[in-house]
Every structure is written in C-alpha cells, then in structure tokens.
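What follows is chain A paired twice: with chain B in the first complex and chain C in the second.
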Partner chain A sequence: MKKKDSLTPFTLLMLLPGVGFIIFFIGSSIVLTILQSFGLFSIMGNSTLTLGYWKAILNSREALDSLLFSLKMGVLSSLGTVMVAFPLALFFRKSGQGKGMLGSLIKIPLFIPALVAAFLILNLISYHGLINTILMRLSIIKEPLRMLNDKFGWGVVMIQVWKNLPFVLLILMSAISSIRDDTIDAAKNLGAGYFSILFRIYIPLAMPGILVAMILMFIKAFGDFPITSVAGPVYPSSVAGRMQIMANLYQEWNQAAVLGVIIILTTFFVIWAYSRFAELVQGDN
Partner chain B sequence: MLTAFFVLIQLLWVGIPILMAIMWSLVNPKDAWSYPNIFPPSFSLEQWRYVFNYTNIARALRTSYSVAPLAVLLSFLLSLPTSYVLGRKNIPGKKVFMLVVLLPMIMPGMVVALFLSRVFSMLGLSQTFFGLVIAHTLMSMPYMIRVMTTSFASIPQDVIDAAENLGASTFVKIKDIFLPMIRPGLIAGMIFAFTTSIEEFNLTFIIGTPTFETIPTILYSFMGYNFIRTNASVVSLLMMTPNIIMLFIVERFLKSDYLSASLGKM
Partner chain C sequence: MANLTLSNLVKRFDDVVAVDHINLDVADGEFVTLLGPSGCGKTTTLRTIAGFYYPDEGEVLFGNTIMNNVPPNKRDTAMCFQSYALFPHMTVWDNISFGLKMRKVPVVEQKAKIERVMEMLSLKDLGNRKPGQLSGGQQQRVALARSIVTEPQVLLFDEPLSNLDAKLRVQVRVEIREMQKRLGITAIYVTHDQDEALAISDRIVIMSQGKIEQIGDPYTIYRHPKTRFVAGFIGMANIFDGVVLEKEGAVCTVQAPFGKVYIDTEGQEVPNKGDTIHFSWRPEDMKIRDRTSRNQISGNVVQAVFMGDITDLFIEVNGCRMRAQSDDEAKITAKDHLSFGISEKAFSILRG
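So, the complex of A and B:
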C-alpha cells in the first residue's frame, strides 16, 4: 500500500498552473452560464433572479424540437458507430498478417478534423454526389436519395459514424482483448454455436467497453455544433446550434444560457447514469 | 482472405472521400464537372491559385500556425508541475483532480465557447490574439496533462533514489532525469496539443471571428451559405495533410499507451 502524500502548500502550488487554469476558465464559463440562465449577470437589460427564461425555453416549440433532434442524433450516432465497430473489433482480436496496415488505415479519420470529415462525406452523399450518381447509373434508384440536409438527419449520423469509428474501435478493441480465450474455448467445447458465443459471451463481457463507447459518442453527437450546422436539416437545428443562434443572432443570452445548462445537465446525467449502471454491473461480479 | 477484404473496404471507406476532395480541388474552371461524369473532365491547379489569391487563406494559415505553437508551449509550461504531482505523488483527492483535468474534453464545446467568450469580454480578452492562445491552451491541456502524468508515473523510483544518493540537486534531477525520461510522452503530448489547436473550431469561431480567422473557421465559411465546393476542397486538403503526417509519426515512433491515454480512455 503506497504511502499517502499530504497536500502541502508546495504540492498545491505545483497543481495550481494546470488544474487552477482549467478550473478558473471552465469554472467561470459554467458559472456564468448557470447564472445567466436565471437572469443574473445579464448583458443587456436588468439583472434579476427570475425563472422567466426557463419558462420561455420550455414553452418554445423550436427549443424542444432542437432538443429532441439532438437526442436523436446522440442515440443514432452512438448505436451506429458501435454496431459498425463491434464486428471490426472482434476481427482484430487475433493478430494477423496485414492487420497492422489495416489498423493504420482505419485510424485515419481520427486525425481528420470534424469539419473536414463533414465536408469529405458531404461531397459523397450530396444530391449530385458520387453515391447517388453510382446508384442511378446502376439503376438501383430512379431518383437521387436525399441524404444530406435531410429532415431526419441521416447526413449527420453518417458523418459522425465515419469520423468516430476509429475512436470507438479503439475502446471496443481493448474491451474485447480482455476476454480470455479459455472462456471461448470452453463454450465451444460445450457446443455453443457462433451466435450463442456472440450474444452470451462477447457482448456481455465487453459491455463495460461498449457502454463507455456509447456514452462518449452520445455526448459528442448530442452537443455537436459544426457537423449539424453544415450537414443537418434546415429545421430543427441542434441544441448547440439553437443556443448559438439565440446568443449571437437574437442576442438573447439568457435564453441561450438556459439551453446551455440543459446541454450540460444532459451530459452529466448520461455520465452519472452510466456510472450507476456500471456500479450495478460490477456489483454482480 | 478476410483481412484482404477488410483492407479493400477500408481503402474505399477512407480513400474515396479523400480522393473526391483531391479531385474537386483540381477541377478546371473552364471545364465544369457535374453529373454524369464520374471524374472531372480535365485537371488544373486553378482552384489552388484562386484560393490563395482571392481568399484569406494565407492569413488563416498564419494565424493557425502561430497560435498552435504558442498554445503548445503554454500548455506544456502549465501542465509540467501539475503532471509531476499527479504522476508521482499520492495525494488525497487525486481522482478528483484527474477528473477536473478532463473537463475541457467533457464539457460541451459550444456551451464553453459561448460563455467563455463572455468571460473573455469581461477580461478584455475577446477578439485578441492572446485570448485565442489561452482558449487553445485550455483545450490542449487535458491531453498534455494526461500524457505527461503517465510519463512521470513510469519513472522508476530507484533511478531517482540513486541520483539522490549520489548527491544530485533538484536542478540536476530535473535536467538529467525527469526531462529526458518524460521526453517520449512529452513529444506525444505536444503532437496532440498541436493537432488539437489546429483543429479547434468552437472556441475560435466565437472568440476570434471576425477579427481572426483560422483554417477551421475559414473552412466553415466556405461550407455555409457560401458553399463553394472547390474552395472547401482546397482548404480541407490543407487542413488534413499535416494531421495525417502526424498520424504516421505517432504510429511509428510512439507506444500506443500514449494514444490511449490522450484519448481519455477511462
């Protein structure tokens, strides 16, 4: 058991530049968000403590539509990436020839910035883009598919999956690598078929990793701004987009703050729900 | 063989989008490329010339590449003492500090961007170069701290004890033990910090525009109302290339521990 060092003034001083810097700037912006949502520290007009802005947002059709849309994007993006990444992660379980290069190729989108990824995929899925052109040439469809700026948001989901696949894959790979071979062999010995092994061993044992990946993806996709504003539908915008419009266009900073608090609360709620669920699962072990 | 199949799929999955961007950036303005052509009818460097001559790309490049090194330097200086404590001392509340360090990564980007810009306005940092550097430093620090903490933690205690036995002063310890031994982690951290700064959009968009343009914000402007596909292609390629080069450097020379640590593996 390593001896515990105490928090001397010296250690605190050493922690100050890094941790202090982060706490100061992130802390002040979060505190300001919360205060402004309740009407304090207003930039224009009076600063009074009021729930009026909260009422305004909760009654606003546009805000609720944006919230639902972002939730939808979060869920679909996290499900989509995990469903594509999981089989790949299973494939990578055993090392083999050529898998190194495959690994590097797969990791490329990780190093491509979100906006660039949005543009690259947007190019392909746009109304006169490559995918539609090929599908029409092959006579698979009569009319181009609207995959970009569509009402549902498929364009956004596709970009999120493409861009975040490596990220999720890395997480899932480490989760799956911890599953011992003897477990799999024992199951095969007892006559388990492929699907049985998949659903009864791989998925449950990799569940912590799957959950982490889904949580992180959800948070990313829920709070996204640039990808949705470029590839998403004209209406509704993402919650972050709506917040930005409220602030910069309408100068309604207090209402924007309410949306900001909603985004923060959702993020924290999801993280909290995950850690409670993880505790529950660990408890069973 | 299954691997070969996946490699092919992956080449298409990653290669086609990039190839399309390359082709769009090389379209000859005299020979428009549209349906039903699969490839542009002819190539030319005209688009590149246009972007460099008629848009603010040069200014954006200058801003991006001058903010990034400063942000890396500042985040290194600020992270160094913190990583030392978090890596080598077993202080109470360490877990809490490690979580706080991750805040810039977890907190929703646009929320922080909007309201940090208000804080900056109050501090007089809005629309300033220094404000941009601070914002970029803030976003880079989680990576820096996490990677350097891992490096510090992996220095064997016996080496330090041996040096102390031989009478090494603190200055010598720092110079000859700590700094050299954290160097791989440091390089990884600097690469991630640099890349984060180059790609940073949300904060730069709110705090810097319109006074300052960086590559991401100028790309965004080419994708909004002003959707000019060819301009966007050129800027995208400009943005991607240093990143992909860094990817190969990271893959070849550094251990994958750093990659995982910086991605915030929980």
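So, the complex of A and C:
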C-alpha cells in the first residue's frame, strides 16, 4: 500500500514561505484590526478595552450612509458587470471574425490601475466630457447630464463595470466554455429557442461561474477607494473612503478599524452566502 | 410521422466536401442506418437532417415539405446524442419534460406522456435523480425517453451506444429497435459498428468519403456487396482480381492469382469474356473438405485463431493469403494443410 502523505517538519518548512506569509501578514492584520476596533493595540497609544468605537460608528449617520452607499455600489457593480460580460462571454464561445482583436481590446482595462481608469472614464462622463458633448451636439439633451460625482453613484458603477469587465469576462468565459455543444444542440433539437436556451441552459449551467464573478466583483466594489474618490458623490463616501477620513482627518484610528472590520465581516458574510447559495443551485450535481 | 427524402444533398466545410450529392428516400416508419468509417459524412448528414447544418446544395424534405432553412427547434426531429447530452442541472423528469415544455403541451398531458415513457423504458423510480447519479445505460435510456416523449416525425441517433459496454450495447439496441417499431417513428441511425447496423436496421446506407456506396437491407449488404469498399468494410472478405476466361450462361470461369474459380453471376452485373474483374467471398463460405463444389482450393494454414464458436484461419494458397472460418470441432493449428470448397453462388462481383 502506498504510504499516506503526512505533514513532516520538512513539508511544513516547504510550505512556510507561502502559507506563513499569508497567515502572518493577513492573519495578523485582521486580528490587529479587530482588536483595535475594541480599543486594544491602539496606534495612538492609550489601549483600553471598550465598545465605545463601535457605538460611535453605529450611531454615526455618515458611517451608516457610507455603508449603504458601498453596499449599493457593490451590488450594482457586480450585477452590471455580469450583465455586460455574459453576452460577451456567449459571443466569445463561438469562433468568429474579429474575435481575436475584440478579445485583446477587452483585456486592456485589466492592465490599467483603477485610479488611472477612473481618470480615463472621467474624460468621457464628466459634465463637459465627450458623451455629454456628443449628446448635446446631436440635440438629444438640452443640458449636460451629471454622470460624474452624481448623487446616486452611476459614474462609479460605470467605471467599475469598465475596469472589471475583462476580469469578470475571464471567469464567465471559463464557466460557459465548460458547457458542451451537444447540450445546447439537444435543447435546440427539443424545440428551445434562443431565450429558452439562455435562461434554461446557459444561465443555470454557468451559475457557479456567475456567482463567483458576482462575489469577487462585489468585494472589489464594496471595498473600493480610488474610483469612488474620483467619480463618486461628494457625500457619502465609500466605507474605505470614510476609513481614510476617520484615520487621516480626525485621527480616529480605532473608529477606522471598526469600519475595516465591517468591510471584513461583510466580505465573509457574502462568501458564506455564496457557498450556501451555490449548494442550492448545484444541488447534488 | 413522415417519410424523409434527401435529394442531391451537399454539405461543404470550406474546401472539404463532407456530404457529396446524396440521394436517399426513407419510408414512413422505416429504420435506416448510415454506416461508414470516421469522416465518411454520416454524422454530417444526420446533423443536416436535424437542422444543425444547412445544406449547401440539394434538399431535405419531411413528407413534401422542404426543410432546408427551417431551424432545428422548428423541425420536429428528436436526436439521441453520442454523449447523451442530458441537461446536467435538471432531474430525469425535467430532462424528459423539456421538449414537451418547449412545445407548450398542457401540464396534465405532459405528466401522462412522461409517465408512459418512463414506464416503457424502466425509468419509473429515477424521476428525481440527476444525470450524474445514473449509470451509462440509465443515462442512455433517459436520452431515449427525452427524444421519444415528444413523438417527433423523425428520430435521429448519433452513435448512441458507443459509450456503453459490449453487453449493454446489445441489450439497448434491441430496446431501441423494439420501441421504434412499436411507435412506428421514422428513424435514422448513425454508427460505425457494422454488427449494430446489421442487427438493428431495415436498410443500411454504406457511406465513404461523403458518398453513398450502397443502399440495401442487411442481408443484401452482407451477402452481395457491390463495391470493393463495402465488401471490405462489412464483415471479413477475401477480395481478389481475376480475368474472365469463359462465360457459360451466368457462370464465369475466372483466372485469379491463386487459381481458377467458377463464379455464378446471376442477379449481378455480368462481365464480358476477357474483362478484369474484382470479386469477393466471405471467410465462412470456405467449407472445409467440401467436395460438392467445382471450386476447390487447398492451402496451408498460416495462422489459426481460436475464437470460441469458430476458428479464424489465415490460409496461403499459391502465394495468396485468404481468410477462412472453421466451426469444426477438430483443433486446427498452423501448418495444417486443408482443402476447401466454395459455392459458385458465394461470390460477389465488385465495382471499383
């Protein structure tokens, strides 16, 4: 019988650079943030165990508005990106003319930092930007639309979709490419039209990929700082933006830590909800 | 149900002609098998009938209706795929009901139809399972149930048994045939397995390089192949060339490399004296120690392969290798010297 692999001191040593790095830097910073949110390990010196910082944040209108805004941006950005990327992923499933060039074009945002992306899109959607100018010239609108720094945050959603499209596309393409041609042909053969195939075959079968894409997108958009800073509304800021204000402007590092913990908890909750939902969707399959 | 006609059907993929001017009439309720080696165009023909490919030339007709540009979802065919192509996220019940839902059949009617088909194919207790929880044979039956439940005009099979083990293959092919007969649906079956084709079909269409080589019932195809390709492809055959020396009515005396043979050409194309012809006979037509025929051949056994019910023999006769079969109980081994008789009617004259 083959000897079972066991964790010898040597294997542990081999794992140390990777796993050790993750545990030390991520684990320690998470633990520290949590402790700081309760007043311990305070950067400012005085360390006392207290719930005061949590109370302060939970009673703060600004913090709550930031949280709601970030949740909204997370949900809308993830939905928006998946809705734009899914048809593209379907298109890329079949080989066609110009596919190669389009594929390369679409990957461009992947290599552009979020902040630069925000400034690029800014030129398009700003009050006197390209889109407004064109719409005005075509007499479609009488006065420019406020797409940038708009109260709702559409500008942020637009930039998030643009920036993350290639990333989400890659996930969805791999999910869709795993669907066999035969399965689609069988559906056609049994009388299914385009929409039936889309809603009964493609979407359910690609659902694990869609969920992963949505979760990752949500986490990215929820914890965003640069895009909301540039293109978001004047008020509220994102949770990350609020953290920066609390820490740098008010020197309230412990309250900033509370906001950090809220981001971490939301992320964990979303991942947990995903795994529950994925089980439901996939069942015994 | 309907009869199916392929008229001068051509399908090209870039420069490759996959289906080359095919003509075929399939009667209502008939079971026709397209048989040939990989790349002969049989699956392309099937997929053109299903509507997955549109023909470049010619016509596909269901009854009198030209189907050339009708999309697959409007064709009223049902296909059993080689991979089964079951919907992995749906239960057996949902898989079977899919076609009925697409046709907007009332729910009560759907239920009755699904239950009947599941009963027929012994799937009664599997309704809540997903395809991943079924064995290969069960998946095959679900695929079959899914295609017949809609009562299509034409049932199409694309090598549906190739993923099953040998025993199950025989069992399922019998089931397919019985069910098709019972329902009276026109069926086109694609396979490269000659035994399957012989066992299951009303008629067999032998294809090679996009063209039809021969159409006939299994007996005719096996006993009277018309071309060198068909003789070589279906079963084992001894194929030789020879010159016609004499003609006496339908019987020709032919000089072959291994000796003289007498060939009764009745019912076949009769060659002229002096023609060079190709001809074939089956290994089982070589009867050991049979003195009743004028065709007497004797040679040394080069190799004898015991197969259980028969022994496969490779014989060398005047420098020519030929195959024979023996169901003799006596053990035959290499280097034995044997004599055979071959009936004059056992030969087929081949084209090409």
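Criterion: the second predicted complex is superposed on the first by the 278 of 285 C-alpha atoms of A that agree within 3 Å, B and C clash if a C-alpha of one lies under 4 Å from a C-alpha of the other, contacts with A are read in each partner's own complex, and residues count from 1 in each chain.
Just so it is clear, a contact is a pair of C-beta atoms (placed from the backbone, for glycine too) under 8 Å apart; a residue touches a chain by one contact, two chains touch by 3 or more.
Everything quoted here is computed from the prediction, not taken from an experiment.
When the two structures are aligned on the shared chain, A:I219 is found in touch with chain B, with no touch to chain C. Touch criterion met: A:D182 reaches chain C, while chain B stays clear of it. Look at A:I201: by the touch rule set out above, it reaches chain C but stays clear of chain B. Taking chain A as the reference chain, the count of touched residues is higher for B when chain B and chain C are set side by side.
In the superposition on chain A, A:G193 contacts chain C only, with no contact to chain B. Look at A:F167: by the touch rule set out above, it reaches chain B but stays clear of chain C.
Once the two complexes are overlaid on the shared chain, A:I30 sits against chain B while remaining clear of chain C. On chain A, the positions that touch chain C within their shared complex are 180, 182-183, 185-193, 196, 200-201, 204-205, 282-285. Partner chain B is touched in their complex by these residues of chain A: 2-7, 11, 13-19, 21-23, 25-26, 28-30, 32-33, 36, 43, 88, 91, 96-99, 101-102, 104-116, 118-124, 128, 130, 133-134, 137, 162, 167, 170-171, 174, 212, 219, 222-223, 225-226, 229-230, 240-241, 243-244, 247-248, 253, 256-257, 260, 263-264, 267, 271. Interface residues of chain B facing chain A in the complex, by the touch rule stated above, are 2-4, 6-7, 10-11, 13-14, 16-18, 20-21, 24, 34-36, 38, 77-86, 89-93, 97, 100-101, 103-104, 106-112, 114-116, 118-119, 134, 137-138, 141-142, 145, 195, 198-199, 201-202, 206, 216, 219-220, 223-224, 229, 232-233, 236, 239-240, 243-244, 246-248, 251, 259-260, 263, 265-266.
Interface residues of chain C, counted against chain A in their complex, comprise 50-52, 71-75, 77-79, 81-83, 85-89, 98-99, 102-103, 130, 132-133, 146-147, 150.
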